[in-house]
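Chain lettering (A, B, C, D, E and F) follows the sequence in which the chains are written, and residue indices restart at 1 in each chain.
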Amino acid sequence: MKLIIAIIKPFKLDEVREALTGVGVAGMTVSEVKGFGRQKGQTEIYRGAEYSTNMVPKIKIEVVVGADLADRAVEAIQAAASTGAIGDGKIFVLDVGQAVRIRTGETDETAL
Amino acid sequence: MGVQMKLAMKIAAGAGLGALFAAPFFFGPALAQAPAAAPVVPTDAMVNKGDVSWMLVSAALVLMMSVPGLALFYGGLVRTKNMLSVLMQVLTIVCVAGLLWVTIGYSMAFTNGGALNLFVGGFSKALMKGVDANTFAATFSNGVYLPETTFVVFQMTFAMITPALIVGAFAERVKFTPLILFVVAWSILVYYPMAHMVWYWPGPDFTAGLPDDHGYLWGKGALDFAGGTVVHINAGIAGLVGCLVIGKRVGYKSEPMPPHSLTMTMIGASLLWVGWFGFNAGSNLEANKFASLAFINTMVATAAAGAMWAIIEQVVHGKPSLLGAASGVVAGLVAITPAAGFAAPMTSVVLGAVASVGCFFFVTTVKNALKYDDTLDVFGVHCIGGIIGAIGTGVVADPALGGQGFMDFTVIPAVAGKYDMASQLWVQTQGVLTTLALSGGVSLVLFLLLKFTIGIRPSKEVEVEGLDINAHGERAYNY
Amino acid sequence: MGVQMKLAMKIAAGAGLGALFAAPFFFGPALAQAPAAAPVVPTDAMVNKGDVSWMLVSAALVLMMSVPGLALFYGGLVRTKNMLSVLMQVLTIVCVAGLLWVTIGYSMAFTNGGALNLFVGGFSKALMKGVDANTFAATFSNGVYLPETTFVVFQMTFAMITPALIVGAFAERVKFTPLILFVVAWSILVYYPMAHMVWYWPGPDFTAGLPDDHGYLWGKGALDFAGGTVVHINAGIAGLVGCLVIGKRVGYKSEPMPPHSLTMTMIGASLLWVGWFGFNAGSNLEANKFASLAFINTMVATAAAGAMWAIIEQVVHGKPSLLGAASGVVAGLVAITPAAGFAAPMTSVVLGAVASVGCFFFVTTVKNALKYDDTLDVFGVHCIGGIIGAIGTGVVADPALGGQGFMDFTVIPAVAGKYDMASQLWVQTQGVLTTLALSGGVSLVLFLLLKFTIGIRPSKEVEVEGLDINAHGERAYNY
Amino acid sequence: MGVQMKLAMKIAAGAGLGALFAAPFFFGPALAQAPAAAPVVPTDAMVNKGDVSWMLVSAALVLMMSVPGLALFYGGLVRTKNMLSVLMQVLTIVCVAGLLWVTIGYSMAFTNGGALNLFVGGFSKALMKGVDANTFAATFSNGVYLPETTFVVFQMTFAMITPALIVGAFAERVKFTPLILFVVAWSILVYYPMAHMVWYWPGPDFTAGLPDDHGYLWGKGALDFAGGTVVHINAGIAGLVGCLVIGKRVGYKSEPMPPHSLTMTMIGASLLWVGWFGFNAGSNLEANKFASLAFINTMVATAAAGAMWAIIEQVVHGKPSLLGAASGVVAGLVAITPAAGFAAPMTSVVLGAVASVGCFFFVTTVKNALKYDDTLDVFGVHCIGGIIGAIGTGVVADPALGGQGFMDFTVIPAVAGKYDMASQLWVQTQGVLTTLALSGGVSLVLFLLLKFTIGIRPSKEVEVEGLDINAHGERAYNY
Amino acid sequence: MKLIIAIIKPFKLDEVREALTGVGVAGMTVSEVKGFGRQKGQTEIYRGAEYSTNMVPKIKIEVVVGADLADRAVEAIQAAASTGAIGDGKIFVLDVGQAVRIRTGETDETAL
Amino acid sequence: MKLIIAIIKPFKLDEVREALTGVGVAGMTVSEVKGFGRQKGQTEIYRGAEYSTNMVPKIKIEVVVGADLADRAVEAIQAAASTGAIGDGKIFVLDVGQAVRIRTGETDETAL
């Protein structure tokens, strides 16, 4: 099994979720994060004080899939999340040793 | 002379008649037009401190309706990324409209407009010329006056909130500077003329001598205690036109756009309710029994509308919502506005409940059917609620239903006029139609003009990222 | 006749005597009961515009206490998932209680109840029958009247906030519809009778002619300027009973339940303070020196209580908290309520400080010892603070301590009565006990009835997930 | 006698002259000093209920400026971790300053100070001695009085908000208890003397008989309608001194410190605006045409300042911000404060706009250049805005510019004095310099004393983790 | 060492934390996430607009344990977090190459 | 490639970010988390109720680097984040199988 971590632009979340369900992914976990990278944040000015944030809001998707599905899932994310502009984000893939569905105790791929 | 003549005498009602009928007393030139027989000369001695106290409080309350009331009511309903844009639009409009009011607005609304007098005033009081601590404005009682500055500032708060109401219709997708330009133009071309048509008259001590010195709708005898036409229908239709010209939000109906803070919306609705007593009962211009009547009517119509919306939701989908109750509260406040000083408490309850049903149906069913994106339901609540209230006023004002009828100011002191519900309903309808036509038409021209010149809508990118950071360089929250 | 008789004459104090003693003037039937000698016929000329201005402002201020004041004070203290439920409960109760008031409440509280007159009024003014712009209500001064609608709407705001206070005791775990049913029944069975018992009398111009036409506690001579018994003890004990019947929150004492937004609680406490001037100084019914006295007493008692709570916290655990200071503020406001027009500023300071100590001890020590889950300390602050205030009133009203004593209205014009602190304290105690018994008893029956019929508490699942999404279909925040 | 003498007669202006000139009437001792000729004996009959209504509302409005207004305006601008500390500081200062006021403050400000009378009052009314429901305070009109408690509580709200303003300058890095000690000492050593110097006089009916019974700056004829010197410059310079003594925040200029909730700041600014009508128009002490003038001037100066700040930002960096507009609003309110009852509406517009430019320049350019960390720009907005307003008052009060000039109270009834702009500007400047020197000097001593004894600044660790959890044991939000 | 990632229902956090300390885990890191899966969210209605959220609030626990402790930790989480209802969540186990305690520079199992 | 997960004290974020860019890291992803460990939270008191939070706010940094850079990055973080006080946090290192830059589709080390 693979853990796919995707950092994407927030407004792409819905498209990516649909793309993933499209390739057969049944579940995923999403969190709000801040990204630091090439993309620069907007400048904020409060009275005299100017702040150029170098952190931009991003969405992190974590999804565990069977090894066979991993490539298609990565492709699906990449296709759905891409705008061609700086800051589109990254996808990382890690190995997962074990998976458990808490409700049933099922393990590994049947747990997903 | 017929109906027109009869209606011309039907000027306003019950000694406590609302801003609709309010007009300052004119020194000098105006007096020159007065017929023989020693005219009243308003003095300090005709001013009651209880009235001044009440009217200043009322003006403060109406300001509180705009900021923070309306700003929060609207702001809570948008997404976080656009929160400040809404707050900023309302605050800036309040500032700009206030300045415009002392510059030309008051004069255009409340002075004699010469040849155009039926439709708009003139510039004789532009830049507050001739208005100072020693000039006075008429109330609805013979021999009772307010300091003119009191009247100017009370009316100013109406001229501030009305254009601010409009922005809700196209919140989250409008450019700031063009919006402010629209507000300036709309105030001049729509609001001041409407205020003049509905609210301009020489006051109870001078009507007999100046029977033709009044605005068009005032002359018809339209009843509008605190601005159902001038404020709510006027703003509501402008909002609808605006949201149609500007178009739907990116993602409308495809992505969730839940309110970012219903807590703020609740604070806003509550402060609107509290402030609205200044709006409605203040429109009586005097702290007397009619102000009190307008006050209690405002209270119970609102309670009825708030409860009714919750009941409908309970019936329709089993979950009465806070946003629903708050929307009902505002719908009730809108509907009772024109009727506040004319109705009785129990007929106000009915009017509030009916308005709630009408607005609920509109914002949940009609809007979805017609698929326009009136972000914060300015049309569905303010225009529809305003129309229900304006027409309903013709019903509840009927003395046969415990209403206050209207006063005939052509005699001194004024006496009650003879009420005919059918003809009154027709007059009310004319008031509604005039407002819809003028405000709808001019707004359409203005929005199109802006759209095809400097542009009225931000780029898709800016809209998606949010107006706060792009247009104002700030974020609402940094928790 | 003894004590009872003497006390019957001891009716209220100092020409500025609070809503406790307020009652409208009765046209027709009431007059019929009056003895010979030309009775006063209240007219417009007996109404002072300064009074109307003040009373309308006061009514608006008391509404602001409920929405948004109380709603925020309470709402900030619950967890995010229940925020809207609290706001919705308060808003809906305000609407429903307002409608019920014009329907039967005002009549049940402020008309002659015939055989039951000591305990409750009748239905002669149900649906606002006979109440219109031309009827008037008595104040505490001979020959001074208010428009009756002013009195109706001012009292309405009290009937709105009182049941809303109750919900804090079982916040986060109550079903919405049963709660509203409880409020309706409790208003009818407890609030209107209490208001009648404490506040019903024929007014200063008619007391001499109608010496037996008053509520039970009024007749005893209980002093309660603005509602220590009718509002705070009344609601506080109902809340306690409710939280006992409903039971503790899931997770109480086992999981952390910190307030979700003390910012909101602070806004709420502040608006309660500001609005409470309408409540207390408005209860004087006239804008005179006694209103001013009630105002300054309200200010300093509150300041003392706020500071005192912070000082206690500094001493007890070294960290004075905002929630502490805000709680003190509310405790002080509660305690000064019955005493506002009777005390002197410096005795008010003492009363406020004592209330703060008492309430602090109660909510931190007694509550934890007794292990009941009064979510927002309705009992600990409103009932205990109310009792301290009610008893304390007997002390601070003593002219020997600079207090205002009471007025004997059996003569015209009214004169000061002879004050006896010991007997006054006993009367005050009777007022407290009557309230505790009536409200506690009826509330117990009502809550049990609801519990064993339609149910009063949501399922554990719903409670755990939160009332907002389950009962109202909304979330408070979507940042 | 020269200038001094002439100026001594130049006491206040236009019958509606602001708190600057307000003083209670003195029974007994004060009367003893009065010369022959039957002196006025103030009675209930000289009190107008419209005035009482207005003044009580005004006092409530000024309280609302502090809590929640100022608390939110400031609180929204700090980081989440310090939110409660700001709310708590403001709330506690309000409570403590209120108690101190009835204890000794009122007496030190508004009684005859014997040998020190030019600079400070005495203790004859300490603990409200001799102040009760039957004593009265003078207004600016001959023969018109207020209940003395009304005056005491109205002035109390000024004594509450002024020290609360200071905390913004060193928000996020001050220890709580030392701060409260500072406020107590500063109130006694600076605020009460300043109030006495500027606002103490025997009232219009007694000035002729007591020509030398007044404070130092009052005697000079300084015009300050509602507290430009006593409140804003006074607090602003104390804040600057405080932030210099305490030093910059950890991370200042190196880490981002964006406001945690501009929504709160907007609510605060709005409530400041609404409440400020009580502050400015209330300072007239009567609900008459001059109150109305002060009201409209406050409205339009603020609108002009709010709009102007937004315009400057649009020009300077293309993005008009909400914080900018809100800052402008406050700058305008500050600047119009001393001039409110003296200016005309159109000159108020100019004054507001100028203040906006001045304050903008200060907080964005001067502050950055001088590198001091005035957290919330108390100096840049309140002191600078206050100075612009104080000096500007000398200009806009000129009858040649439509201003109200000043009244000569040495004759009864008072008549208009002869206005000389140049000498008035010099007097105004003296008022500014006196305030800067007294408040700046004493504050420096006090802050240094605290710094080197019990310490005024928390440890770096505490500051970094936040004051809320460390000093108050709470967190503002638990979403 | 193993990184155990557990996605659980929010109100189960306290029980899970206790269960983990029960088996000897000394530290963990918790974050608020949104989960997408079989469990459906509540429907929200705002005036006319109805939103059926398919994202439900979840808590993510990340805990690194020695390899020997991993199984017991997984079991403890599963037992404590289970309600038997849909949406109870998942547990994923990944290999950790290295661990460092920042304060001391200690590495690997002693760093935990 | 390695995924470095660092749990640090919030106020150290800026220093750590600078340290990381100092060793050549171009991007990272940051989230707000709550940490449970030896460090105890502050006690909060609300009227009568006392809560000793055992969760303290922490910042989690996730950064994927080439294997060669990993050690230097870990050291940089450790140096920058350390205060010597309890609660400074942890660094965990995991293997990453694959990385993709969404914008370009570039993979592995060039994607970082």
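Worth a mention:
Heads up, the rule we're going with is that a contact is a pair of C-beta atoms (placed from the backbone, for glycine too) under 8 Å apart; a residue touches a chain by one contact, two chains touch by 3 or more.
The shown structure was predicted, so the numbers you read here are calculated from the model rather than taken from an experiment.
Path length between chain B and chain F in the chain contact graph, taken as the least number of steps between touching chains: 2. Here A-B and A-D were compared by C-beta pairs in contact; the pair with more is A-D. Taking each chain's centre as the average of its CA atoms, chain B and chain E sit 55 Å apart. Look at where the CA atoms of chain C average out and do the same for chain E: the two points lie 49 Å apart. Annotation: 35 Å between the Cα-based centres of chain B and chain D.
Looking at chain E, one finds that residues 31, 44-46, 94-95 touch two or more other chains. For chain B, the set of residues touching two or more other chains reads 48-51, 53-54, 57, 258-259, 261, 267, 317, 319, 321, 323, 473-475, 477, 479. Looking at which chains touch one another, you get A-B, A-D, A-E, A-F, B-C, B-D, B-E, C-D, C-E, C-F, D-F, E-F.
Put simply, chain B touches chain D in their complex at residues 44, 47-54, 56-57, 59-60, 63-64, 67-68, 71-72, 75, 83-84, 87-88, 91-92, 94-96, 98-99, 102, 127-128, 131-134, 146-147, 149-150, 152-153, 156, 176-177, 261, 264, 267, 471-479. On the side of chain E, the complex with chain B involves touching residues 44-49, 51, 53.
Interface residues of chain E, counted against chain F in their complex, comprise 1, 3, 17, 26-31, 62, 64, 94-103, 105, 111-112. Remark: chain D residues 14, 16, 48-51, 53-54, 57, 61, 79-80, 258-263, 266-267, 269-271, 273-274, 277-278, 281, 286-293, 295-296, 299-300, 302-304, 306-307, 310, 314, 317, 319-323, 325-326, 329, 344-346, 349, 402, 404, 477, 479 touch chain B in the complex. Interface residues of chain C facing chain F in the complex, by the touch rule stated above, are 77, 256-259, 317, 319, 321, 323-324, 327, 363-365, 367-368, 377.
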